């Protein structure tokens, strides 16, 4: 079975494992204040062109989303998100567990717009019952989105402006950040994410690490006592250095970008091969998640040799699936998959 | 200014005030275990045809919704509600404050259907990521709804059946319960509400009391330690007898039904007068909330003498408002209003 | 049975009931923005010598404590309280329900000291694991305390200074505020409470009202969006005017002080009569709660005619009880009680 | 600098790293349902003599404590713990973040007794205000405790019996479980922990793993939908196999016990050497945490070459520190430390 259902099917990039072995018997302070974490912070700030940013490391995405969002909001405030946003759908209520409502905005492809944000805010402010409603205070977007789509720089700038106009904060979930950076026609880079968000994160779990997300606060006013929040949310890793070591490895020689590029090359190989074969897609994704629509019988046949993430039924005889590439995807596997699809469609 | 914006504009029915005066110097135990509360419980159970039900009194609707819902759910469970449900829109996140997600179902008129409930449940159960999503465990409906609409008995029975099929519980918000009971063509009465829900409440705040809601658990398995929950949510009134005395007064001689009927007679007078005048409505409401659509200039003119609850813009030149009647509405006021509308439309 | 177990045994002062009747058919906006609430706010600010304070009304004490405390704290912050503080013992975890830890300080008599506060704060700050611990951010005291004791002005000033030194906020629970103001040797008056706290409240439930607590924020930075918090906590009374009308009545002609004085005169009558009889007390209380220690057989005998609040066992043959007076206590009842005690001890 | 301040100073046992490398390119399903996790579960159930237990893996101790405790309690329930318990002191309110109060019991050495538990429970049940207080529903103990002390089998059996008598559940924090199993005079083994608790966990973070805790539910009634809880708390590791692989390695050939024994041998070497030198201790610990008391000048001198965890000031001239050994401690380091202490005391 060759698996394509997600981008977290394997362990970690071998260089990370090597570094873990190399450092294994160093004795370090716990909880992320060791030298590896410090160095990783510096490397990330440099990559973001944000020398004054504040960087902390957490273990996983849901934990990061809940910790950051709970840290930014007062109790009666909520977070605007695409209805399909990870925090609205796939975190078992981790945001609500911190007392906050996710305020959903309609979205076809995982993205939301500056004008949706402004409308939501002004609808709240102009409602005579505003005190009876959750106050929008934060915007959550993901780059790339859960549907593989990407914001352009001008879209992000418009969202930033909307946030400024409405005194909202902007949090960008970068769980698949690397794949976005290396996506087709992408014009949003780490310094843009740092500059345009109040806080965002660089995902490690899906991009070469065993686990780990690097949270970058550009807005230093918001990071006060963030480490208390990490501990409170069970995200303060005792051997915090494990996070430092991994991000050090990913960012010291550009490994993060290199492996993201690898995944993207294979994703686009799939995308255009499918296009050539006339396979329709659910979302036109420029990133490492592709969403082809197959006849159910084709899908059944393919599923004997390949695993995908079933996404949704499209009509009585067709379904959409998600196919992911990652830093670990082998070109041979992609070629085998494409060949088998070609035979079937 | 004659006010029609809500059904809680005045104090309480004079009989309630009389009873408060009459009992004022009785010394009673606090927290709702006094004789007045006990008697009110018996009267309510009788009115519900539910001699084994468990009854407690709370102060207001949001408090009741949050306390009941938090009491029924395990942490990872959520509550299905019409997207327009009071708990989803107008409680400043009181449900989320208890850690629970409101799972919204589409609704045009404030109602949801049995099949929507079954679909939501089976979508959850059949999703391979089900553990990553909030588990639907409870259905919240209001009777009448926030839009003045009513469930018929057969609709409620279908919802109950859906809940049974899906092992969901059913909670009915009866903040305006009385006006539903006396609504045009209503076939759902207190014993139906008790029989078909696991727990529901009979609203006092909007139906003759100074404040107060009577929560009725038909499903006794669910009420264990509910009084701890009331206290924890700040809803345990020190002078609990005030709630008992009010519900005693409302239910000892049918006052609750009588004053609801009064409100409904005036509401229908408005409804049919507007219909005769050719005024369109936003929702076809058989209850005490009416939602006429006026030209903006008509509305502006009317607003010099009458207050309404502005509901929404309908088009560039028209808006919908909510007009409420209540136990306290005077027929003269209604007549004056109708006459002035007649002059303007 | 003559009851002395609490100070919320009866309804409300007759003037309040009269005012409720008088205003019953006024039509007012809901949720505490009506003219009665406005006037009550002005009267309270005047009584507090705090023209710039921000005043809101809530229904009960636990609700007020939870709403204010949740409003003042960031998620990882906690509230210092006497171990015997109401929030630590008698609110079924209403503070923890908002996610906050109550940080208990030892106390014999219900009071805490400035140095305890400073020590707790510096212990936190100087601990190398400080981020692993709840951060003290707020001090909660009650005046009078749950044990009937009172802070002197100099004690309160020292606590305020400690709070300033440690950047802590000070919240004073004044559920029995009136009885403190009129207590023996009291030198702390409303303007002192307003000046020395960031926020405090004036209790109505136990001092003449049917229910209601008036929250006074001297520190205006802390009240932003407090009304959202009230709604979220289920404390936004639909007929908010009921609170306004009650506090208007209590504060327009000094009724609050007058009825407090009545309760205190009777409390001191009990206190000194018991002292004369040689009855020991658990706490030396200058306020309306008295804590005599009786032989169990005396207590049993008295309990045939009088009800007390059983407080604790003192030794194998003695128990302490709480005896309360209030605005509604009748001198005849007190005399009867004292005579019966005299016969028995 | 030789570090003794904690038992999580190094990475992981080399066999774990080897296994991570060996399995690195296996493709597995995420979230802990892979074959490695399944095999680790079987090994752990076998080691616990509990073939029917339910086992899940989480990343760290605070996360585990909060997730388990929130899963076991209804909202108004609290957890009894030694006042020095990790959940009461060192988790930044992670338990309160889930809405639950930690109900502290006095403790000198980190342990609590069966009679304390029974007293706390009966005090609650017999209090007339019981509904106004958090209901004790769960007992939390740690084995070994935060002070290095251990419960004997008979003590644990008495606690179990107290829990049964009071219908309380028992949760045992085994973050340092391995060191307890191999402690001096220990008579509590894994099957005892499984048999006597409702749920307990076997710590990996401090005993050879990079991270990870294995939660074992003996009481299967309590584990329903526990995986929803894990996800909700941000503890569902995407590459869940990392936890499976580590526990597989620790339990397939007795590595967990072997490395625990190593740590304990060195801990006892320290313990008895210090005893011989006449160094007093704060707690008489039979486990891997030792708490010697040094003159401040001795401590200062030692701190030039060794790091300890400062515990507390004992008197004007003495302080207690914590010295830990672990699976990774080198005998040479211990010998060097002891020799330097010997020279100074």
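Just so it is clear, A, B, C and D label the chains in written order, and each chain counts residues from 1 on its own.
As a working rule, a residue touches a chain if its C-beta (ideal position, glycine included) is under 8 Å from a C-beta of that chain, and two chains touch if they have at least 3 such contacts.
Since this is a predicted model, take the numbers as computed values, not measurements.
Which listed pair repeats B-D comes down to matching contact pairs by residue number; over half match for A-C among B-C, A-B or A-C. With centres computed as the average of Cα coordinates, no chain lies farther from chain A than C. One simple way to say how far apart two chains are is to compare their mean CA positions; for chain A and chain D this gives 34 Å. Inter-chain centre distance (chain C to chain D, centres taken as mean C-alpha positions): 42 Å.
Note on chain placement: the centre of chain A and the centre of chain C lie 50 Å apart, centres being C-alpha means.
Within chain D, the positions touching two or more other chains are listed as 75-76, 91-93, 97-99, 131-132, 228, 231-232, 236. Listed in rising order, the residues of chain C touching chain D in the complex are 75-76, 78, 89-93, 96-97, 99-102, 104, 128-129, 131-134, 310. Note for the complex: chain D touches chain A at residues 1-3, 6, 8-12, 14, 17, 20-21, 23-30, 59-64, 66-67, 91-94, 97-98, 205-206, 210-211, 228, 231-239, 241-242, 328. Listed in rising order, the residues of chain B touching chain D in the complex are 31, 70-71, 74-76, 98-99, 131-132, 135, 225, 227-229, 231-232, 236.
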